[in-house]
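Labels run A, B, C, D and E following the written order; every chain starts at residue 1.
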Amino acid sequence: MIFRKKGPPPIKRFSLKRRSQKSGLPPGTPVLIGDSDARPVHISVITYTSTEIEEKSITDPAESSDWRQKPGITWINVDGIHDLSILEKIGASFDLHPLVREDIVNTDQRPKIEDYETYLYIVIRMLHFDEKQDRVLSEQLSLVLGEGFVLTFQENREDELNTIRERIRQARGRVRNMPADYLAYAIMDSVVDHYFNILEKIGERIETIEEELMGEPETGILRKIHQLKHEMILLRKSIWPLREVVNVLQRNESERMHESTLLYLRDLYDHTIQIIDTIETYRDVLSGMLDVYLSTNSNRLNSVMKVLTMIATIFIPLTFLVGVYGMNFKYMPELDSHWGYPAVWFANIATAGTMLYYFYKKKWF
Amino acid sequence: MIFRKKGPPPIKRFSLKRRSQKSGLPPGTPVLIGDSDARPVHISVITYTSTEIEEKSITDPAESSDWRQKPGITWINVDGIHDLSILEKIGASFDLHPLVREDIVNTDQRPKIEDYETYLYIVIRMLHFDEKQDRVLSEQLSLVLGEGFVLTFQENREDELNTIRERIRQARGRVRNMPADYLAYAIMDSVVDHYFNILEKIGERIETIEEELMGEPETGILRKIHQLKHEMILLRKSIWPLREVVNVLQRNESERMHESTLLYLRDLYDHTIQIIDTIETYRDVLSGMLDVYLSTNSNRLNSVMKVLTMIATIFIPLTFLVGVYGMNFKYMPELDSHWGYPAVWFANIATAGTMLYYFYKKKWF
Amino acid sequence: MIFRKKGPPPIKRFSLKRRSQKSGLPPGTPVLIGDSDARPVHISVITYTSTEIEEKSITDPAESSDWRQKPGITWINVDGIHDLSILEKIGASFDLHPLVREDIVNTDQRPKIEDYETYLYIVIRMLHFDEKQDRVLSEQLSLVLGEGFVLTFQENREDELNTIRERIRQARGRVRNMPADYLAYAIMDSVVDHYFNILEKIGERIETIEEELMGEPETGILRKIHQLKHEMILLRKSIWPLREVVNVLQRNESERMHESTLLYLRDLYDHTIQIIDTIETYRDVLSGMLDVYLSTNSNRLNSVMKVLTMIATIFIPLTFLVGVYGMNFKYMPELDSHWGYPAVWFANIATAGTMLYYFYKKKWF
Amino acid sequence: MIFRKKGPPPIKRFSLKRRSQKSGLPPGTPVLIGDSDARPVHISVITYTSTEIEEKSITDPAESSDWRQKPGITWINVDGIHDLSILEKIGASFDLHPLVREDIVNTDQRPKIEDYETYLYIVIRMLHFDEKQDRVLSEQLSLVLGEGFVLTFQENREDELNTIRERIRQARGRVRNMPADYLAYAIMDSVVDHYFNILEKIGERIETIEEELMGEPETGILRKIHQLKHEMILLRKSIWPLREVVNVLQRNESERMHESTLLYLRDLYDHTIQIIDTIETYRDVLSGMLDVYLSTNSNRLNSVMKVLTMIATIFIPLTFLVGVYGMNFKYMPELDSHWGYPAVWFANIATAGTMLYYFYKKKWF
Amino acid sequence: MIFRKKGPPPIKRFSLKRRSQKSGLPPGTPVLIGDSDARPVHISVITYTSTEIEEKSITDPAESSDWRQKPGITWINVDGIHDLSILEKIGASFDLHPLVREDIVNTDQRPKIEDYETYLYIVIRMLHFDEKQDRVLSEQLSLVLGEGFVLTFQENREDELNTIRERIRQARGRVRNMPADYLAYAIMDSVVDHYFNILEKIGERIETIEEELMGEPETGILRKIHQLKHEMILLRKSIWPLREVVNVLQRNESERMHESTLLYLRDLYDHTIQIIDTIETYRDVLSGMLDVYLSTNSNRLNSVMKVLTMIATIFIPLTFLVGVYGMNFKYMPELDSHWGYPAVWFANIATAGTMLYYFYKKKWF
């Protein structure tokens, strides 16, 4: 049901399709696994020190090479990865390993971190909640953290990173006074903070369903619960490996991370754990709700069937009785009796009464 | 169904709502994630040595700075965290890291421990059982343990900590002769001891349901069992991480903890394990009860349906038979026979008898 | 359903009740969590070397202090822990830590081991099977192993330990020639050996149920299976942590354990694993039996319902047909036909036959 | 249903019975836990070097002591462990620890390995498949590996070991040129190879059931699937611990194992893993088949019930209608109408047709 | 249903059959466990340096020995392993351990890696998707990586390896300039890349089923879902151990692997993890779909039964009523009343209306 990649061209949900085009090619050949389209690629470059800031929007990545020489921290963000030539140029000017270039365009990866000595390569998933369809959309964010620079690659222009840009511009928070790894942290933190939004919206859906369950739930509720469970499976798949990524960063094994950033990573790690915890709890809660619905529903149906069956059961013997006196035998002495008719009514009422009493005593209704 | 935060303003159960207001802000910006209201903030300060004790209730946290200089151990308890200015002042006078200040007001965290070299920051959850609604209410207790001082922050004024205050006043137990880490231990122990109360009450609910199950359970019992299972999911989420917190404390990795307190922490660890064990056992027991109810219920229904269906099945052929002789054909020889009517009765009784005998032999009832 | 503490006063099954009386008291305050009653406390003291043995039954624990000076190994067994003053005296003369004294009277603990440098404190559960009610009863055995002495505390006088006493008296086995840790091992081994008895009895119950299942199981069997499953949950809770206890002992981390005893501990560890294994297997077997019962039962019911419904289905159209010719219209040409009546019979038989043939071909019965 | 010990006297399946006779005895007292009977004990002794071989069948174990002095490798195999005196003599002449002697006769143990410095004691389970009853029979093989000798103890004479004897006689494979640990390996390998036979036969059963499931499964299939699942539970219990045994051997922690044998142990370890893997896969496959059967069955039943209920539902209103005109009211104008009778038939057919059309459109059949 | 070995002769699915022929033979005896047939064995030999390349197709493996002396890297691929003599000759000329030769012909092994000091032996599974039957076919690829040579053994000629051959011929990618371990990596990478194809096709199946589920699913869908679940069980069994294989290679424990290849292995490891992740997600999704189908189906059936039962329930009392006035008693005053007949109709309509109203208010339809 769920988890489309975000972006203009609708794509298949369980799409490993394009990945399979790659099979047979030598490793390290970048092949676009994602949506290729005509949208222009946006490259935004920000260079800042604690005192100065320079911002530019370029289209020719060749310009980016000279930015690297400048003092301070350079953040290059690439929106749209479908233009492989642009990627190649950036990759060349920052000495990115062919496997990294391949991974950037291969947009259905799980979160991971790889240490290439002079830089770290981090993949995380940006998630968005499509409120109309109650679906979570997923997009890959590739992040390269090197000495004095951060590169980010995403499929579409996202708003999450704008708030960080704004903080850099206005010198809010610590970001201007910290090294490049803090910027990388700030980007990841902003993505993870957004997960809380999604969980919150799913939490609201769960509450709505719960209230419905208390009343008279409709049949459609079943599908809703199943869909949310499905979302949880996919959400978990996207977020679970992130825990290990942050853990590796936090263990300070790379010289890219400075001591001063570690405290913040610990905080990020806590948030990740809290999100995973919440996902697990939601799954348990949804399973419980499913059980409640199914057994409530089954109970309701059973009590309906029981009442209906009892009505039928009471009248069937009575119908037999009146059928008897509908027979046309010549010699049926009861027919001539004056009390025959009232006696049949009496018999009917007595039979029905006895049965009702019996059912009542057996607590069948 | 469950697990509201405690306190006057009713809040949403799965609330990550306010957390999401934060997304986009620089890390370390304290934003109140919890209930903001007009209740005044209570700050109580206790300073004690083995011989002396001084107690004060203040409203201006600026006064707290001079308490720090005094000899002995200082315990500052803040009830109500919605006044961010108060928090900022306390944070500044004790050099609390911005991330800690952020965490204190962010009241939906899982239990955790963080070592900030000069102090330890511990988050645990205080739980209360709302007997009217069979719900567990949860509240965050933040605890800062430094050299010679303990700070505690809670959303509402709680009674649990009063017993410790009383012990300090009356110099009962060891608390007056031990360092600050023992006070921190005593506070955590008191919170964990309270968990036993909650489990006991839930245990009583389980026993009541079990006794009902032995008799003639009503339909509502299903919802009760599911609700208790739901409580268990949320209880487990609140308590499970506590085990790791106590374990970290106990491994004596921080210099904040003295050798003399470790034995007590081992005891606390045992209690935590015992509580988690009990929660798991309750979950298993509740699942078993659910199975018992569902299969008992299904068996009951089936035997009811079987009896009703048999009654119908016996009378339907008989009704057919009497219907035959209710037909108005001119030439029906049986109708004129003197023995026709008794013969039909005999046939009816014989048919019903045969069927009953067959059902009986097949053990259908 | 299950797992009462053994002993005269019947107590609640999920009892954490008394534990909660304790909340708010300073740690290390012994509060009786268990049954307090008027039965006298029995203290039996055995002192032995490889050549000599002295046995005494005392009531005043003050006497016990001088036993400690004697050469050889002293084993003091206390039956009944409800007299706190006795416990305090023994605790004082053997320098037991307040937390140990608290744990001894707190009789609903999980198995654990704690190293207090001069002695080890071990908690294990003695289990008994109440054959009348198919319940497992549980009792706490506290064991203190020090240099040359072993203390045991139990709620009621148990027979398990008598066989060890007998072995000491008659100098059977190795116990008289081994250090005190061997005595502690022997006590634990005797308790664990008794678990096999319980599993054996439960195994018999399972076999009985299995044979019943092969035949014509009654409805009550469901409750029996669920009860045994329930027992298994509680049994597992009592025995699982024991594995870790024996493992810690076996790893020889404490200087209380001598090299010569380690081989025996390995044996004890094997037994514990075997018991846990058996419990797990029983749980799986019971779950399988439950599935067999439920699906067999459901199959039986379905085939019953199918037959009954078919009988009804065949006669309902026939009843309609004869009803047609029971109508009193003036102009019904069939009624006057000489062959009308036989024709209706033929139609009835043909219809019923066709339906039966159809049902038979569709394999509906 | 399953897992009897193999051998003449039928024994209980969940038998921990005899083990419980032991409780109360000092550890290391050999008590026969298994079948005691009058069959004679067979002791076969093979001594071989790379060039010579000597084979003897003895009845008095006293003779075995002098074999130990001879050069080369001695393999003593004892079939039947019910004669405790024989066991005692062998135990004495090879200095077996009392706990080992106890374990040899205690034949319901899980696979394990114990290092007694001068020898290794290994327990594995020999399994056989009783094709008549689809049951797995289990027998304990105790193996003692010392410097230059291997002792094996089994309950009954088994064929598995004959192939090894044959290889020794004919000097096939490497066994004559390798140390005693290779012989021990060869024995274990031969037992594990036999597991593949059992899994193969169970695999055939599964395929047969699967083919049945594709067609028209009978009710008995349910019991068959459950029985195979049951077998899997018990098989897994017997084989799972073997993995750890081989792993310990392979880690070369004992000086009994030579470098040259390690490669072979790695191979044995692979086989064990493969067997465990297959057992797990079979369990999953069987669970899936159970689900397929249950839901197919439930679907079949439902479609049957639906058709039957529809037939009844169509005729019941019709029967009502003809009942109306069977009433004997004096003033029923329709009865006198010439078109009354055809009109009723028309009404009947129209009603039935409408209902059928409605059911058809609703896709009820 | 699934997972046949690929190749001309159809073989049993759960086939451990031939493996059992081996039992009793000394370890290291190569016995063909797989399909033996008359197809000729193809041996292709490629020798290359960064500048030169020589390719040959031979039939006599004796020729292969002199290839080993040449400089550069030699890759010998053997298609068809049923000719044991060929295998023996190759094994001899490359000094393969007897256990390796045995493993090569034993084609139902799980993925594994073994270090024989002078060479590494790796087993992986090549998988293919049989689109007609929705089955995954599995074939074993044995790979021997030595100093300057790579041997591969497969049951049938596969296309996957051709793309690598092509790359070598055309000197595409890095393969010509890297040592032999890179070639081994390239072969494994090519096999793993093919897994994505299979997962993609299964993903398409899942989507198709999902769309069907949204509409009006047929009964056959149940079998389809179960079959895909079954595939997942077997797929997981084939791929799960591969993770450990790649992990061992990546940890660089063998001197066969060069530093330069490790980065690529890390990439391969990521792919393996991603595949396992996807398999797990598919399993969860399929389970969810099964639940949706079953509960939707059950809901549909229930609503059908409810409507049908209600129709029957309404008419049964009415039929009784008209039956009453079909009785032939002489003294039935209503029959003579002029309003009797209309009154009965009124009673009928009133009764039916009341019942419908009651059902409607109770929300029974």
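As a working rule, contacts are C-beta pairs under 8 Å (C-beta built on N, C-alpha and C of every residue); 3 or more make two chains touch, one makes a residue touch a chain.
Nothing here was measured: the structure is a model prediction, and the numbers come from that model.
Contact with both chain B and chain D is made by C.
If you take chain A and chain D together, the chains in touch with both are E.
To overlay chain B on chain E by their CA atoms, one rotates by 145 degrees, a value rounded to a multiple of 5. Once the centre of each chain is set as its mean CA position, chain C and chain D turn out to be 26 Å apart.
Centre-to-centre, using mean CA coordinates, chain A is 42 Å away from chain C.
Across the assembly, chain C contributes residues 305, 309, 312, 316, 319, 323, 326-328, 332 that each touch 2 or more other chains.
By the touch rule above, chain D contacts chain C in their complex via residues 1, 12-17, 19-20, 22-29, 97, 99, 103, 109-110, 112, 114, 116, 216, 219, 222-223, 226, 229-230, 233-234, 237, 241, 290, 294, 297, 301, 304-305, 308-309, 311-312, 315-316, 318-319, 322-323, 325-328, 332, 334-338, 340-341, 344-345. The part of chain C that touches chain D in the complex is made up of residues 160, 163, 167, 172-175, 186, 189-190, 193-194, 196-197, 199-200, 203-204, 206-207, 210, 263-264, 266-267, 270, 273-274, 277-278, 280-282, 284-285, 288, 291-292, 295-296, 299, 302, 305-306, 309-310, 312-313, 316-317, 319-320, 323-324, 326-332, 362-364.
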